[in-house]
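In the two complexes below, chain A is the common chain; its partner is chain B in one and chain C in the other.
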Partner chain A sequence: MNKEAISKTQALMLGISGITVSGHLLFIPVILNLAGRDAWISLALALFPALYIGYVTASLACRFPGKTIVEYVQTICGKWLGRAFGWLIIVYFFHDLTLNVRGFGEFYNAAITPRTPILVYLIGIHILAVYAIRSGVEVLARTNQFFLVILISMGIMASLLTMRNKDYLNLLPIMEYGIKPALGGMVSLMSLFTTIFVLGMVFPFVQSTRNLKRNSLITMGVLVLMFIGPLTGAIATFGLERSIGLNFPTFLMLRDIKVGQLQRLDLVAVLLWSLGSFGKVVLFLHAITLGIAKLCGMSDYRMLVVPVAVLVIVTSLYNSDSFIELYRFLRDFYPYYSILIGLIVPSLLLAVALLRKMHPNPEGG
Partner chain B sequence: MSAQTPLHHCLDDNINAICEMFGHSDDLSVRLLDLPENPMALLFIGSLVDRQIVDEFVVNPLLQSGLGDASLQNGLPVATSRFKALASLEEAAERLLQGDTLILADSPAKAYSADTPGGEQRPISEPASESVVRGPKDSFTETIQINIGLIRKRLYTTDLRVINLNIGNTSHTPITVIYLQGIAREDIVTEVQNRLKRIDIDGILESQYIEEIIEDPHGYTPFPTIFSTERPDRVCAGLLEGRVAILTGGTPFALIVPSVLPMFLYSNEDYYQRFDVATFLKVLRTVTFVLSFTMPGFYVMLLTFHQEMIPTMLLIALAGQREGVPFGIAVEVTIMELTFEILREAGIRLPKTIGIAVSIVGGLVLGQAAVSAGLIGPGTVITVSLTAICSFSTPSYGIAIASRLIRFVLLFLSAVFGAFGFFCGIIFLIIHINKLRSFGVPYMSPIVPFHLRDWKDILVRFPWWAMTTRPHETAAPSARVRMRGKNKWNGDPEGSRPT
Partner chain C sequence: MRRLCLLLALCGLLFSQAGCWDKKELNELAIVIGAGIDKTADGQFRLTAQVIKPTSAKNGSQGIGESGGGGGGGADFPTWSLSAEGKSVMEAIAQLNKISPRRLFWPHTLILVFGEKLAREGVLPAITWFERERYSRTGTYVAITKGKAEDLFNHKMQLGALPSKAMSDMIETANLRQISSRKLTLREFTDILSTSGIDPALDMIVPKVIRGKVESYQLAGIGLFKEDKLIDIVNGPETMGISLVRDGMINTIIQAPCPDKKQGNLVFKITNYQRKTKLSISGKQVNYDVNLLIDGDLGDQTCTMDLLDPDKKSKTEQSINSEIKNKIIKLFTRSAALNTDVYGIGRQLHRQHPGEWHSLEKGWESRLKKISFDAHVKTNIRRSDLTSNPSIRKKR
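Entry: the complex of A and B
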């Protein structure tokens, strides 16, 4: 293994861009649909599960420094059970990526360039991801670091510029239908945040795991903060009835920006989601290829990138017929399935590791 | 080196042997001194020595001394600063090629070399490629000794290390590695020398040869990862930041390694002007650099796919101009860009007087005529010429060339795929730049990986009293502090204010 090292910040930044962007585009409509006006309560409720999963991922990484998920799973559960869990987790990442990629593709197809086939988008973004991953983790992390700064500053600017359309009185009344809708939204948000477990495939490259848990908690806090804007904003802008029916409420908010003579800033949206979907694809594709390579005992994961990318493209085209189907899946099935693998499995792993008293740097390993 | 042939015992044999080595070249001059007791011969290459020195300090003292056996034992009365006894014919030939004069003596047969450097040299002149309003006006020349002197005369310190190498199997070009002991990172200095020593080439005529051979292995890239400059002050600034300079004989362009992207975007005049002005210019130049490769693509993308973003009045104006233009916007821009590239290429190679004519014909006649003939929209002409001006404002020629190539790729991507293609191109570019390294130092260095302290010199320039640190990646860890930062004059030399 060549010595490639990234900083903690870079690793966590990968997590932020991996989750925020797909969340903003694909999960906001789902959450709005489930929780309605009380989406912000869902977010507040989801803070604690989010912190929890961040903590679990980080403490597993601290417990097994330099090891990826699929490696320490085998240490914790033994060889065969561990491998089964390893494959399960890889398939989960894979499936998650295909869903998201399809979602991004549908977004481009529906909103930006309706006459361009979706395949163009898929291939384009995967070429970039493959190039970045083949250049190594360092390059990938640095590129993402560069983009995330642009992304966040543009996001903040966008939310400031949409302020004039917002009327926060639309958020009233609070809890009109009791706590239940908010809980539904929380579950959906949790399912989004649990994908942060993918960072377990990046943490082995981090230089030192000191303060990793604390930084990871801060990151989850930042993640939650980043969802306040779009979750409240859509309702405040469009009102409850209209915003529930929208496919891409965040995009429509961006579209309404008007600065002097400049209007219809679709371009900003394209920029935001190109950068963001790049972050998402790069993080997950890296995790998948690295995981497969580790499970199969290959020394170089980079040669796997192209085949896996092709597989992602093909699968994403076949696993749902349309955006509506994808959307329904994200609303009705995804939360339970994602929480099972992304939250419960890591918790179990950590619990077993604690019970078996597996400390950092065990002899031999 | 090849086997060493010892000197022959007889003067004539020695002369013959050396002449034989040079194939009786006509520029090898042999002057026999018929001294009564001790016949001697002087050998030199006319074009490499200074005749006056030879006459005054070698021939004259020898003739006047009359030279007997005794004086030969005490050394020759030759008045040059470097004087050396030689053991082999090969060594003698090498000295001859360095511009020395050989003195061959008979009975016992001996050979000496006296340094009589000469030959035509270009005087130090103002730099042609990096001119400044305020700042030193000298530039490197083709002679390496002068160049080393120019650096020595700026850094009067014993820490300045100069290492001479000869590279090129045929050309034996002198290459000099210069660094500041204690400030440069040891591993980089060793790495530079190792890479230089591995070079196996027949001749080196320009530092670009070295640049291409020793740059980091990263596959194809249009970006220069080694900075070249003809300004000694720029080299010294690099040395003070812990970088290593490589001078090449025969060219005024010195190389500085490791170099990072921001170096290519800033002029050294940024450091000789007031810091606020310099900051403004730095930001301006960074923006123009980005514009110089994005603008045509952006223009095409807007007009082809995203007309809705253009304010209505402007869109109407643009559409009105383009009424009757036969080509699509992408074709139009491509034609104009290509035309501009051709014009630029034509202008550079021609004599200055004709060059002006070319720019008049190209700029005025072609541009104006194309618009009035309805072939090209005026908007396109504005875009292309603005791009050109932006690309001229980039201080480093090497990176300006890179942006020329990238411009066409982005143009193609945005013409075919619109905004998505354009941004994909940008993302690809950023990944690519992030992938680059210059002697192990990431090319985007203070930006990503992020070093907050180095941002005093990125986009902004802090006043000199605040530039307290050296770049994180290039300076040795023990030499990160440039100054203590207490030298800002606060109006009170004693340090305590009178009450």
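Entry: the complex of A and C
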């Protein structure tokens, strides 16, 4: 194990930016489509699964301090089954990252710079991410921490500035078609939140796991809070019927900011998503390369970063034909598969670990 | 060495700052500030785009050059309007680009005006491009005009050099000029269009002829829509009804007759405004009640009595009340007769009684006439600006 160490806050902040950006960019239209006006109810319902997955991830990390997911999977399930699970989880992270990276590039292409090839953005963000990862966990965690503080304050400012365009009466009537649409939205949100399991690859670098569970629960709470603005705001601004067909509702909301001479703040949206996507790419790319290195018994994961990054770019370009296809995948298939790997597998792991009475042991570090 | 490489890499980043493949040079753009859409006799869209002429904007705008360049007339016009036709808006734009040596640049479009024919036949096919195009902004104001929108743009304004700017100011700063306007942006317009139980109403803007020449524009009422089709133009006293019920008008004036004697008028300036709407439903009967609580100043009067005299004051207020109530109810009856829901009663019914709405939604427009509609207005005269009564000689 490297002697690099990050603080709990830094690790959890990585999780926040990793989930928030993909959620705001890709999932908002999906959830609005499924849940309609009741998107905020979906969010309230999703709080419990979110807390649960945060707790599971943290308690697995506490039980196996200093071990990454792919390592403790082998301890729990035995060598061969464990490796199979390890690869499955790595593929899941990989796939999730390719989807998000593609969404990031498509956003630029669809909304800002139509003539620039999507590859420019994909390569650009990966160069940055590779550089950060090769510099070590400490560097990427600190960079993300620095960015996230700016991002959150900018996000709050943006949501305040769009206030005058919002009519919250658009959220009425509540539960017009019963609880079912809200449940659909909840499942989609759950599938988003379950990717927080990736933090299992970062927690081993955390200095001490004291209070990790509590902090992780708080983080999930913060994450849920981060979604109130865009989920209710889009409907309040555009009305339900219009907000459903919008590809990037949050971006359109920010575009409409007009407070005196303070207007045309598209740049804020671009900045929010670019820096946020950086956090996402860094977190996942790091997790994937570290995971592969551990599974293959390599001592240094850094040499893997470039090839994996290239693979992510190529796969992201091949895994869907268009943004619409990406969107349909996220709406119709992603929830089941993400919940299976991100929620059910970790739960099973924890259950087995509990049954086998695996406790933190000194030689784990 | 390492630092040098880093520095070079940073310099390399500068190249991407212009937007990579999407760099835009100001001298290659034609900045569109206003657009008008008409429908031609053969059913095509005729799009008029008003662009800023860069050279004359430099030496002839902002008032300074205006008097000096008076002799030149049209030649010194700081804007240029170009029109083209197409079976769709985007094709019309392609045709425009065949005329324009510079690329049309849409983000600064201030106002989008629909010609009357297009508005009557439905604006929906014409606005899809404006919603979808990344360079178009949904904060653009939308309005309609009488006749053709194309004719609206080529007039030399006496105030302000740019006609489109003059039009959008006309709408945007209406409150500052103590009049009411709908101030509907493309975003709000599409929101209303896509929502059932509410129909849009747009400002109508027409050229104003003064001394035989068009010298300005005029806000000439509102156009009532049924879904995306214009069905009526309202410019009587009831025009204000929609501002009173939907927009919440402040700093706007209302004229009412003086109480008692049937001669003379008074003018009331709204300074504070509260609205409560009550919607109840019994069986299939919908009752809608608008409650307004309005504070304001007495601004003018032509009658000679002291309107603020304690025993006159309440009568004065009643006169204003009934005037406001009239406007609101008149607009409602007029729109209900046309089967259009300007006040959004259907939407409110949907919000408050979703169950009943599902059974009433079908054929809602025809139900509007049967709604028992009422308005209750309570006004308070809070101030009378600098004087309390007109300069009357007291007769003994």
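Structure notes:
In this section, the second predicted complex is superposed on the first by the 360 of 365 C-alpha atoms of A that agree within 3 Å, B and C clash if a C-alpha of one lies under 4 Å from a C-alpha of the other, contacts with A are read in each partner's own complex, and residues count from 1 in each chain.
In the analysis below, a residue touches a chain if its C-beta (ideal position, glycine included) is under 8 Å from a C-beta of that chain, and two chains touch if they have at least 3 such contacts.
Note that this is a predicted model, so its numbers are computed, not measured.
After alignment on the shared chain A, the placement of chain B and chain C results in a clash. After overlaying the two complexes on the shared chain, residue contacts for A:169 are found with chain C alone; chain B is out of touch. When the shared chain is aligned, chain B and chain C each come close enough to touch A:264. Of the two partner chains, chain C is the only one that A:237 touches; chain B does not reach it. When both complexes are overlaid on chain A, the residue A:278 reaches chain B alone and has no touch with chain C. Ranking chain B and chain C by residues of chain A touched puts B first.
Contact with chain B, but none with chain C, is seen for A:142 once the two complexes are overlaid on the shared chain.
When the shared chain is aligned, no partner comes close enough to touch A:322: not chain B, not chain C. When the two structures are aligned on the shared chain, A:124 is found in touch with chain B and with chain C. With both structures placed on the common chain, the touch criterion links A:113 to chain B and to chain C. When the two complexes are superposed via chain A, 404-412 is the only one of 404-412, 440-448, 458-466 or 476-484 in chain B with C-alpha atoms clashing against chain C. Judged by the document's definition of touching, chain A residues 112-113, 116, 120, 124, 263-264 lie at the interface with chain B and also at the interface with chain C. Residues 16, 19-22, 107, 134, 137-139, 185, 187, 190-196, 350-352, 354 of chain C touch chain A in their complex. Against chain B, in their complex, chain A makes its touches with residues 7, 9-10, 108, 112-113, 116, 120-121, 124-125, 127-128, 131-132, 135-136, 139-140, 142-143, 145-147, 261-267, 270-271, 274-275, 278. Interface residues of chain B facing chain A in the complex, by the touch rule stated above, are 305-306, 308-309, 311, 313-314, 417-421, 423-424, 427-428, 430-432, 434-435, 442, 444, 447-450. Chain A makes touch with chain C in their complex at residues 110-117, 120, 124, 165, 169, 172-173, 176, 237-242, 252, 255-256, 258, 263-264.
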